[in-house]
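Every chain is named by a letter (A, B, C and D) in the order it is written, and numbering of its residues begins at 1.
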Amino acid sequence: MDFGFDERTEELRTRLLAFMDSHIYPAEPVYAAQAAERDDPWAPPPVIEDLKAAAREAGLWNLFLPGEDGGGLTNLQYAPLAEITGRSPGLAPTALNCAAPDTGNMELLSMFGTPPQRDEWLKPLLNGEIRSAFAMTEPDVASSDARNIATTITRDGDEYVVTGRKWYISGAMNPNCRVLIVMGVTDPDGPPHRRHSMVLVPTGTPGVDVRRGMHVFGYPDGTKGGHAEIVFDNARVPVTFLLGDEHAGFAMAQARLGPGRIHHCMRLIGIAERAVELMCRRALDRTAFGKPVAEQGVVRDWIAESRVRIEQLRLLVLKTAWLMDTVGNQGAHTEIQSIKIATPSAVEWILDKAIQVHGAAGVSQDFPLAQLWSSTRTLRLADGPDEVHKRSLSRRELAKYRS
Amino acid sequence: MDFGFDERTEELRTRLLAFMDSHIYPAEPVYAAQAAERDDPWAPPPVIEDLKAAAREAGLWNLFLPGEDGGGLTNLQYAPLAEITGRSPGLAPTALNCAAPDTGNMELLSMFGTPPQRDEWLKPLLNGEIRSAFAMTEPDVASSDARNIATTITRDGDEYVVTGRKWYISGAMNPNCRVLIVMGVTDPDGPPHRRHSMVLVPTGTPGVDVRRGMHVFGYPDGTKGGHAEIVFDNARVPVTFLLGDEHAGFAMAQARLGPGRIHHCMRLIGIAERAVELMCRRALDRTAFGKPVAEQGVVRDWIAESRVRIEQLRLLVLKTAWLMDTVGNQGAHTEIQSIKIATPSAVEWILDKAIQVHGAAGVSQDFPLAQLWSSTRTLRLADGPDEVHKRSLSRRELAKYRS
Amino acid sequence: MDFGFDERTEELRTRLLAFMDSHIYPAEPVYAAQAAERDDPWAPPPVIEDLKAAAREAGLWNLFLPGEDGGGLTNLQYAPLAEITGRSPGLAPTALNCAAPDTGNMELLSMFGTPPQRDEWLKPLLNGEIRSAFAMTEPDVASSDARNIATTITRDGDEYVVTGRKWYISGAMNPNCRVLIVMGVTDPDGPPHRRHSMVLVPTGTPGVDVRRGMHVFGYPDGTKGGHAEIVFDNARVPVTFLLGDEHAGFAMAQARLGPGRIHHCMRLIGIAERAVELMCRRALDRTAFGKPVAEQGVVRDWIAESRVRIEQLRLLVLKTAWLMDTVGNQGAHTEIQSIKIATPSAVEWILDKAIQVHGAAGVSQDFPLAQLWSSTRTLRLADGPDEVHKRSLSRRELAKYRS
Amino acid sequence: MDFGFDERTEELRTRLLAFMDSHIYPAEPVYAAQAAERDDPWAPPPVIEDLKAAAREAGLWNLFLPGEDGGGLTNLQYAPLAEITGRSPGLAPTALNCAAPDTGNMELLSMFGTPPQRDEWLKPLLNGEIRSAFAMTEPDVASSDARNIATTITRDGDEYVVTGRKWYISGAMNPNCRVLIVMGVTDPDGPPHRRHSMVLVPTGTPGVDVRRGMHVFGYPDGTKGGHAEIVFDNARVPVTFLLGDEHAGFAMAQARLGPGRIHHCMRLIGIAERAVELMCRRALDRTAFGKPVAEQGVVRDWIAESRVRIEQLRLLVLKTAWLMDTVGNQGAHTEIQSIKIATPSAVEWILDKAIQVHGAAGVSQDFPLAQLWSSTRTLRLADGPDEVHKRSLSRRELAKYRS
């Protein structure tokens, strides 16, 4: 259980920290200004392309992806790097080509893609030339129980026909989003975990209607490609667009989620660190009722509590990463669930306190806190609400004592 | 300490409940659709004017305002009505001409306005013909301590010259907002509570630059006139535009806040009731892991806890209203602070749980929950953060035991 | 919904407040000293008898009991008096003959007792000459579900034969405890709510074995008669000792609980007030790190939060009392459950903070806080844990929206 | 940052786990029975001596003490062992001669004792022949600020004269407690951190009056030697009984606290694990309202939340131990404070839930939960209340951003 940073990690951390200082933080106001002025509300601000080029040149590219296709890092090596990108989560992950949902999609394509699929989609994704989306969640069912997913993928000759309604398909409003990985029912009579498959659906396919961008607490998240509602009405793709095995979609989705969850948690720790920094700076800068806010007892309590929580979260995330590397995602199941339960709610708490210290500025567009809060809070329900994960985790705990 | 509803209250409640059913709830989707389609992002959807006409005809108009200028209700009579409007807080308060910030401004004009000021601004406000705003909060100081306010109002001959920067001036983006009540320093050397005055500044006045709309967790609140940042650069108004006495601004602002706070809390209780209704309906409608969400133990716990908290809040608000009626706002100071401390945080908790039960829908634009959450959470810091009010309340508690 | 104090209440409050000052508070150290020195660890300190005589003389006697047998007060009249006795909960309720479990037992005997039962037990209880206990809870089943109770009460000729094990039978270790009201199964095949009966079992009855005193967080509560574990092994009583109707025990137990719960909650508010007073006094008296503890921001936050919570709880208790008086215990069911859910946990929080301000003294025998905490926390599980009440309350809330 | 168990740790863990099964758990009921029957309420139950002999024979002795005098383990090696002893905190630490306050006293004597002091007290302590106590806390000042300590230690010729009042001196009621390490003022005019010294005071010394045992939530903790109030009235000891340097008491006390705090936290994690086990077993064993308590959603939530919190706490404790080993106690200051802040409150929460699942049994003497709760909660205020540690920790956090 060694969480220390090895040489490669230290070297990449140094390089990434320098890149944050030289490129990312200075680009934040540029990004905001471009976002305010662009015509297409779903297009990423152009500065992102400059950052991508710079990151690639700096050797900070595709670090998330293990194996030859990507940076070849272990989870434990990637964790502290992902944390750093979390300090500027709107820019840094995208700049490094390490942003969801492409990361999970590249993982799927890397593991399950046929050679033509890899040529067509994995390569340009790895090059940062196109974006992609993952279409699983549906508005009409409790998607926390993946077996509820109702979109149908029906074979008709050499084609699959996709029909159903999806929403909160992150990134799919981006004009540069070229392909959707769609999950749907291919065998309605199969056993519950062997009913679904995934198919690749190019965004221009007839019958694919991108209806609107869903909001997250008022944020359309347009600079990140939004969260689309998409109606599939007999959209047809060749059978060669099946990803992985037929009826294996449930297991593939689960496999995709493990790394996705830990990446989120890693970045959330960076978000929390940014929040503490902002909270401290503001508390030192402002005076109320005759003394600096930093000397108000309640504010001090929040700062200390934030630090103590962050330290605990980071260690649990590192242990989880180490376990995933050593015993595999399955063996790290309890820990992955634990960080999914613990991290968003603790970071939400920290952001809430940072907001409170900022007063009205905290809820405004002038500081990143309110938007970070909205995405963090949403992680308490995205990809299975906390309550579902707790139920599952408790079952394993109770099983230890069942006679 | 009789909180029972008297005959007039019962009659108005019946009428208002009917109006909610016949007019307000049916108008909610219309309002949303018009909001999505309008050209001016700061203009209220036109259905609002229809609702205002209907409310006026139904005798549900200016109920908030005591005395001859308004409905002539006591706080205790108004409380249950305001609660009902809180169930649809984007539409109902405006429809009844009972929406902030105009309510507080009408109170000020009703109490302190000269006859010409009343003619010019109070009358059209009472008629719902124009809107107004209250410009107090500033970005550069901790406005929780009102003595920090730095905008200057300097007499120059027959004019006052206003210079300073204000933000989160609610309603001021509305094209129909015609006048701002601006608070600023008129006597920088006076005793801390005798330094400020209020002047009426028509929105077209040269030197008044409405810069932008501030956001609240991603919401520009455009349908409600937004929250403006305004720069005053030597804006001049005649000395006759002084509201009330010179240097009495601090006391007037305090006087304005008491009713404002209780109105907010009354409506928050309606918001909480709406949230519980939505939470219950959703929990009954959805199934996950083989049983209705309404049978999940944790969800049941939330519902019960919500009910128990609402009952307590409502009683405390009613007691506060009763005290304001019987011993005056000053005598009800502790209670006004208590509801300001207790209500937003409890209602925020309830909204959070209702959101969680809704999953992604809860954070979306398809349900009112996320936006209600954002405005509720903001009340934990608006008009003095909770911590400031607790500090002050504890001082009075401790004083009981000081020897 | 008038919670104001009427003339009789005001008069009794004045008298009781004077009695607290003249008799109860001065007796607290005497009581503690006598408790430390007595030989029988289950005997009440003798000062209690003096206080009883004085209270009776002062006309402060049996105030809890409605109707001719007692003080004839409504719940709303009694509530503020019970709160006051809660400020010294070890002495005042007993001194006024208003202490559990005798109060509930007197209610049962007053409502259901036959004339001989009233002569034998109600009269001396009303006179404060004997004590009694209520034997319901059992160690071997989840007593939160009263239908689980397993002790059998079997008719055998002219006698009932009682067999089973009970625990946490409060007051039964008191040498002056003369009678137990025992609940057990008389009709195992009846419908779940028509299976149990209550019988009166004099404490000396053969087959009644008072085994030991159960502790509450280390407190044997000996001065209050402890909490006995009792084994009934074929204990026989005449059939005339049946209380009320056969098989009606469940309903009678429920009837007993309503007033019991509100009395507990009323007193808890007095406990909370005492805790706030102690917390404030200590905070004013002590200095740490160069300033009075009363000026530490976190402590101020606790004091304010305590005040705000108490105000809400008191109003909900008063409303519940008023409802019980006007629509009956059944009509006040939701509110009785609400105060049962809300009060112990809030008062526990307040006591925790008062303890924290006292440091080691707070957990010691030199201040009442730790013992008050232990009994308050226990009320979160006694008489149905909070979770059971929330489950039930949520069911009624959900029922409003079921189609 | 390698927290893995090395070979020695693994070997000791295996041995200790076997010892828990073979000796400690079977002795728990014996210990309780002997405790109930002994004559001297402050004498440890005799089974403890048997356990001590067995532990020594098993090579599980003085593991806490680094260096030649003790087991020679690092903090990281000792941590998982201390956690295991925490599963039976009344027996296991004492059985292994690893119980407070002797541990800290042995550390002091090992570091600072003169050869005669080592012969006289360290040797028999290391042999488990005698017990000792540490007399620092005083009833009349806020001891959280150690500079407040007021007991005087005045040199008079070849003697020190000790005068003052101490309380909560753990272990000092034990008839086998032979020596007190007393902290008091030797130089009232010195700089605040150079005013105090420590002297060794044998318990029989004239002028040492052990007044009474202080309680902890009703528990006198008699089997562990209680918590004494001691009055020193001109108690005289030879100057050779000075421990360490004169006026260096403050620094020595701080040095003693670091390991003490981490030992407490290690054991608390064992306590939490025991609580989760009891909670799960009870939840599986009991049925209420027609289904096992283990299937109640709220209980499942508690179990999962407990597991997630424990995992985080353990990692933070391990990191702290590792830091103490690698950069020293001073370098681990923030982490020592962090675990002191995080652990007691989280474990208190877990114990509270375990109690709630047990119902009345949870607060009784039949399960260890209530007593464990009382000692755990007390750690939130012992040795500096949480609030003091948070204040200090936040100061260091803020310092990072001060310009």
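Convention: a contact is a pair of C-beta atoms (placed from the backbone, for glycine too) under 8 Å apart; a residue touches a chain by one contact, two chains touch by 3 or more.
No experiment lies behind these values; they were computed from the predicted model shown.
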According to the touch definition, list the chains common to the neighbour sets of chain C and chain D. A, B
B-D against B-C, pair bridged by the larger set of C-beta contacts: B-C
Inter-chain centre distance, chain B versus chain D - centres from mean C-alpha coordinates, in Å: 53
With centres defined as the mean C-alpha position, give me the chain B-chain C separation in Å. 44
Multi-chain contacts in chain B: which residues touch at least two other chains? 296-301, 387, 391
Footprint of chain D on chain A - complex, ascending: 1-4, 276-277, 280-281, 283-284, 294, 297, 299-301, 303-305, 307-309, 311-313, 315-316, 319, 334-335, 338, 341-342, 387, 389-391, 393-395, 397-398, 400-402
If you look only at chain B, which of its residues touch chain A in the complex? 137, 139, 141-145, 148, 167-168, 214-220, 286-289, 293, 296, 298-299, 352, 355-356, 359-366, 370-371, 373-374, 377-378, 380-382, 385-388, 391
Contacts from chain B onto chain D in the complex sit at residues 296-301
